[in-house]
Amino acid sequence: MSEEAMGRFPVPDREELPDDVRERIETETEEAGFTPNVFDAFAYKPSHFRAFFDYHDALTEDTTLEREEVEMLVVTVSGINDCLYCVVAHGALLRIFAQAPKLADQLATNHRSADLSDAHRTMLDFAVKLTDEPGRVGDAEVAALREAGFSTEEIWDITSVVAVFNLSNRMATVADMRPNGEFYTIGRGGSDGE
Amino acid sequence: MSEEAMGRFPVPDREELPDDVRERIETETEEAGFTPNVFDAFAYKPSHFRAFFDYHDALTEDTTLEREEVEMLVVTVSGINDCLYCVVAHGALLRIFAQAPKLADQLATNHRSADLSDAHRTMLDFAVKLTDEPGRVGDAEVAALREAGFSTEEIWDITSVVAVFNLSNRMATVADMRPNGEFYTIGRGGSDGE
Amino acid sequence: MSEEAMGRFPVPDREELPDDVRERIETETEEAGFTPNVFDAFAYKPSHFRAFFDYHDALTEDTTLEREEVEMLVVTVSGINDCLYCVVAHGALLRIFAQAPKLADQLATNHRSADLSDAHRTMLDFAVKLTDEPGRVGDAEVAALREAGFSTEEIWDITSVVAVFNLSNRMATVADMRPNGEFYTIGRGGSDGE
Amino acid sequence: MSEEAMGRFPVPDREELPDDVRERIETETEEAGFTPNVFDAFAYKPSHFRAFFDYHDALTEDTTLEREEVEMLVVTVSGINDCLYCVVAHGALLRIFAQAPKLADQLATNHRSADLSDAHRTMLDFAVKLTDEPGRVGDAEVAALREAGFSTEEIWDITSVVAVFNLSNRMATVADMRPNGEFYTIGRGGSDGE
Amino acid sequence: MSEEAMGRFPVPDREELPDDVRERIETETEEAGFTPNVFDAFAYKPSHFRAFFDYHDALTEDTTLEREEVEMLVVTVSGINDCLYCVVAHGALLRIFAQAPKLADQLATNHRSADLSDAHRTMLDFAVKLTDEPGRVGDAEVAALREAGFSTEEIWDITSVVAVFNLSNRMATVADMRPNGEFYTIGRGGSDGE
Amino acid sequence: MSEEAMGRFPVPDREELPDDVRERIETETEEAGFTPNVFDAFAYKPSHFRAFFDYHDALTEDTTLEREEVEMLVVTVSGINDCLYCVVAHGALLRIFAQAPKLADQLATNHRSADLSDAHRTMLDFAVKLTDEPGRVGDAEVAALREAGFSTEEIWDITSVVAVFNLSNRMATVADMRPNGEFYTIGRGGSDGE
C-alpha cells in the first residue's frame, strides 16, 4: 500500500525507518485504522518528518483555536492552493471535528458560499488573502481579525495554520501525495444534515 | 423545500408556473427522487428556464462526447469558477456516469492531480484555459485538441460545454443556488474504488 | 460569403439546414440587410443554434432592462473577454440603440473612462467583476446594485446578460467568428455627437 | 474646446504658453485640421510637453519601423492598458497609415484575432508580454523577435514604442484625456474594405 | 567598461557619439566618479538618449516633489516591475537623497513594510496601482492623493515619475542594462541608522 | 532591542522563556554577534519556535544542496512573496555563503537578470512557479529539474526549502518582523566584486 503513498518520490520501507518515525506511523495507523499517506511520504526524509509533525502537533495541541477552526483554515487554504491530498484528507478531518458533513466541500470550493458565522468568514477571508497575496497583508487585514473578536494569540495561531499549510500544500503537490481512499468518504453521514 | 433553492431571489410557487416548466420540474423530480434546486431557481424566469435547459439538453443529447466527458468538463470548469452548486451537483453526476467515486473531488480540486488519460488531460487543460483566459485561446490550443485525437465536432462540443457552464456558474453564484443535500453523497460508494 | 463566417469550423450550406434555422437566418438577413455571421456560425449545430438564440431572444424581449443597457453590458463583458466578434457586432448595436456613436468604443476599452450615469457605472462594475472573478461576487456586489436602484428582477436580468455573453464570447473566440464588415461602421454618424 | 482636453487637470490658456509649445500646437492643428487633445493636455507642464513629444518624434522619425508598425504597437499596448485616449486617437492613425479600416478595432480588442503576418503577430506577442509582465521578458522573448526576422535595431525600436506608450497610457488615464470626436471616425472608410 | 553596460545591444564607442551626447556622459561621469551604465546604453540611439534624459531632467528639476520623493517612487515602481538596473541604481540615489540607508531595500521589497509617513504610504499605494493596473486608476485613487494632502501639480508630478519609470524599467530589462558595481554599495553607511 | 523584533506581537522577556529556547537564542547571538530578530519573534510561542528551527536546521544540515543554493532559493522565494525580513536577513546570509556581494540584490529583484549557471536558473524558475502557482506545478516542472541534473533527493530538498519559506514569509509579514540593521550591510564588501 505504502508504495502508492506518493507518485514522485520513493516511499521508504517502514522496517528501515528510525524507531521514532516508525513508532509515530504505527500510532497514527492504530488511531485512524489505516495509515494516512502523508506519514509514509514524509518518512522519505526523517529529519523533515520530525519537524513537520512537531509543527503540526503544536498547531493542534498548543492552540487557542478549536480543532474544527484549524481544519476550516486548512481546507480553505488547500482549496486556494489546489492541493488534492490536503483538501481530501483534511476535508475528512473537518467533517469529523465539525460534525458538519457539507462544510468541507463548501470551503474547498468557495468559503463565500459556505454556512459560516461572521467571525469565521472574516477568519477565512484573512486566510485566503494571506495565501494568495502574502505581501499585501498588513494592518488593515490584522485589524479586521481583531474587530471580529480574535485575540492576539488567536491571530498568531490563525496565521501559523495558514503558513504551515502553505508549506504542506507545496510538499504534497510536488510529491504527488495520494489521498487514501478512506478520506474521500469518512464523515459524510447521510444527506440529511447541514 | 423549494423556498431554499437559492438565497438571493424568490423561488416561485410551482402551481403558478407555466405548464411546460412545471411538467419539466415534475419529470426531473421523478427521475432523481428529489428536485434539483437549479430547476426551482431558473423557474424564476420561465423564458430563461426554457432556453437554459434546452441548451443543457442539447449538450448532453446531441453530442459526440460521452456523458462522463461532459460531466468531467463541467466539474473542472466549475472548480475554476469556484461555483458551489455546480461542483457539488455535477460532482454527483460525474460519480454516477463515470462510476468513479473519487474523480469528482480530484477534478474539482486540481485536474492535474487526477487519474486521467492523456486525451482527457488535454481536454481539461483546454477547458481551464478557455475558462480562465478566454481571449488567449487560439490556434495552438485548438491544435492541441486535434493532436490528442479530438474531431472537429468534438472540439465544438467541448467548447460548448465549457461555454455553457461559464454561463451556469455565474447564474448559480449570483443567485446563491444551494446544492441539495443529496448531491453531496450520491455515488460515493465505499472507500475501496478509484 | 458565409464560408468566411468563422475560421475554425465549416459553415453549413443554408439549403441543408432545418427549416426553422434557415427561416430565422432569412428573417435576420432581411432585417439587417446582411447576414450577421453569428447565425451562419451557430448553424453548425442546429440544436445549439435554437437554444442560443432562444436565450438571446429572452434576454432582449422578456427583460426589465432597456435594450441599450443590454448592449452596454454585452460590449463591456466582451471587452474584458477580448472577443472580437462580440465587441464589433454589439458595438454596432449599442451605437444604434443608444444613439451614442462613441459609447461602444469607450466601453470596449474601459468603462471607467466612459460617459455614464452613476447607476450604469455600478452596473458595469458588477459586470466586470462577475466576468473576471465569478467566485468573488457575493452579498456586497449584489447590495451595490440595489443601492444604485436596481430591482430584484433587474439584478437577475443583468446577471443573465453577463452570464450569456460569457458563453457567447467563448464560442465566438474558439470558432474564430469574423465580424461582418458592416458592423465596424454602422451607427458611427459624424464626428460631432457624443 | 481645449477646456475639455482632459478631465483631471486644468488645461492652460494657449496664449500663456511658451512660444515653442504654442507653435508646436499650431502646427499640429494645421496638419490635422483640429487640435488633438494630447497637446493641450501635456501643455500643463511645458518641460514635460517638450520631452514627451521629442520622444514621440524620435520614435516615428528616427526608426527602422514602418509608421504603420509603430501604430500597430501603440494600439495593441494601449488596448492592454485600457487607455481610452490612446486606443481611439492611435486607432485613427493606424487606420490612416495602414489603410486598413478594421485593423485598429481588431488590435484594440485582441491581436490574436487580427489579420496579421506571422512577423507582426510575433512583434505584438512581444508587445503584450512586455506590457503585462515586464519582469518576465528575457532571452526567449528577444530570440523570438530575431527568429521572426527583426534586426537588433528593430528590436530596440519595438521595445521603445512599447515603453513610451506604457508611459503615455498612464499619463492619459490619470489625466483623463478625452479623445477628440474626430478620432472615433477618421479613416473608417466604407464597410467594403479589408 | 562600457562594453558591459548592457547585455542585449552593442554599446557605441564614445568617440563616435554626437557631441552633445558625449558631453552629457562626460558631465555625469565627473559628477558620479563613474559612468552610470544607463548613459552608455541609451547612447545606442542618440535621439532616444536626448528625449529620455530631457524627461528625466524635467522630472527632477521642474517638480513640486522633493528629490527623495522622486526616488522613493522610482524604487517602488522598479521593484514592482522587477527591474534590476533601476532598483539598484535608484536605490543608491534614494539612500543618498533621503539619507536613509535602509529605505531603498524596504521599498524595493514591499513598501507596506517600510518606515513611511501616511502621506508617503498613500503616494506609494498610488504608484503601485498605477504600475500594476493602469486601467483601474480613476477618481477614487486620485481623491486618495488629494486627501493625503497632495496638490494638483504634485499629483501630475507623481503620475509622471511613475509613468516615465514604467518606460525606463521596460527599456532596462529588454536591453539587460547592468547596474554598475558602485550602485550596490553607495550610501549604505553603517548598520546604525534607520 | 528585542522589543522591536516585530511590530504586531509582543516579544517575550528572555528570562521567562523555557531553557532550551533561551539557550538556542544565546547560541545564535554568540555566533552572529547580535540576535537575529526572528528568534525573539518566534519565541512568542515556544512550541512553534522549536518546530520552526528544527525544520530550518534540517534544511541546512541534512541536505544534498550547498548552503549557498539554499540561500539562493530563500532570497528568490522571499522576493516573490515581498517579505522584507527574509529578503534582508537571508540576503546577508547569501552574500556570506556565496561570497557574492551582488547576487542577493539580483535574486531579490529578478532572478532572470542574475548571473547564474543554467542549472541554478532552472532551480529558481521552479522555485518561482512553486511559490506563485503551487497548483500548476506538475510533471513538466519536475522533469525540468531532472534535465538540469538534479537528483531525486535534491528535488525533494529544493521543494522543501521553497515550502518552508512560503511558511516563513507569511509568519514574518503578518508579525511584521523587522530585519536587524546589521543584515542590510553584512557581506557587501567593496564595489569591486561580482
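Read from first to last, the chains carry the letters A, B, C, D, E and F; within each, the first residue is number 1.
Simple rule for what comes next: a residue touches a chain if its C-beta (ideal position, glycine included) is under 8 Å from a C-beta of that chain, and two chains touch if they have at least 3 such contacts.
Every value quoted in this text rests on a predicted model; they were computed, and no experiment measured them.
Matched by residue number, over half of the contacts between the chains of C-D recur in the interface of A-B, chosen from A-B, C-E or A-E.
Interface comparison, A-C versus D-E: the pair with the greater number of contacting C-beta pairs is D-E. Chain B and chain D have Cα centroids lying 44 Å from one another.
Averaging Cα coordinates per chain places chain B and chain C 23 Å apart. Between the Cα centres of chain B and chain E there is a gap of 51 Å.
In chain F, the residues that reach two or more other chains under the touch definition are 82-83, 110, 112, 135-136, 173.
Taken pairwise by the contact criterion, the protein chains fit none of the simple patterns, being neither a path, a ring, a star nor fully connected.
Against chain F, in their complex, chain A makes its touches with residues 8-10, 44-45, 47-48, 50-52, 54-55, 57-58, 61-62, 81-83, 130, 134-137, 142, 152-153, 155-156, 159-160, 162-164, 166-171, 173-175. By the touch criterion stated above, chain D contacts chain F in their complex at residues 135-136, 138. The residues of chain A lying in touch with chain C in their complex are 110, 112-113. Residues of chain A touching chain B in their complex: 79, 82-84, 87-88, 91, 101-102, 105-106, 108-110, 112-114, 173, 176, 179-182, 184-186, 188-194.
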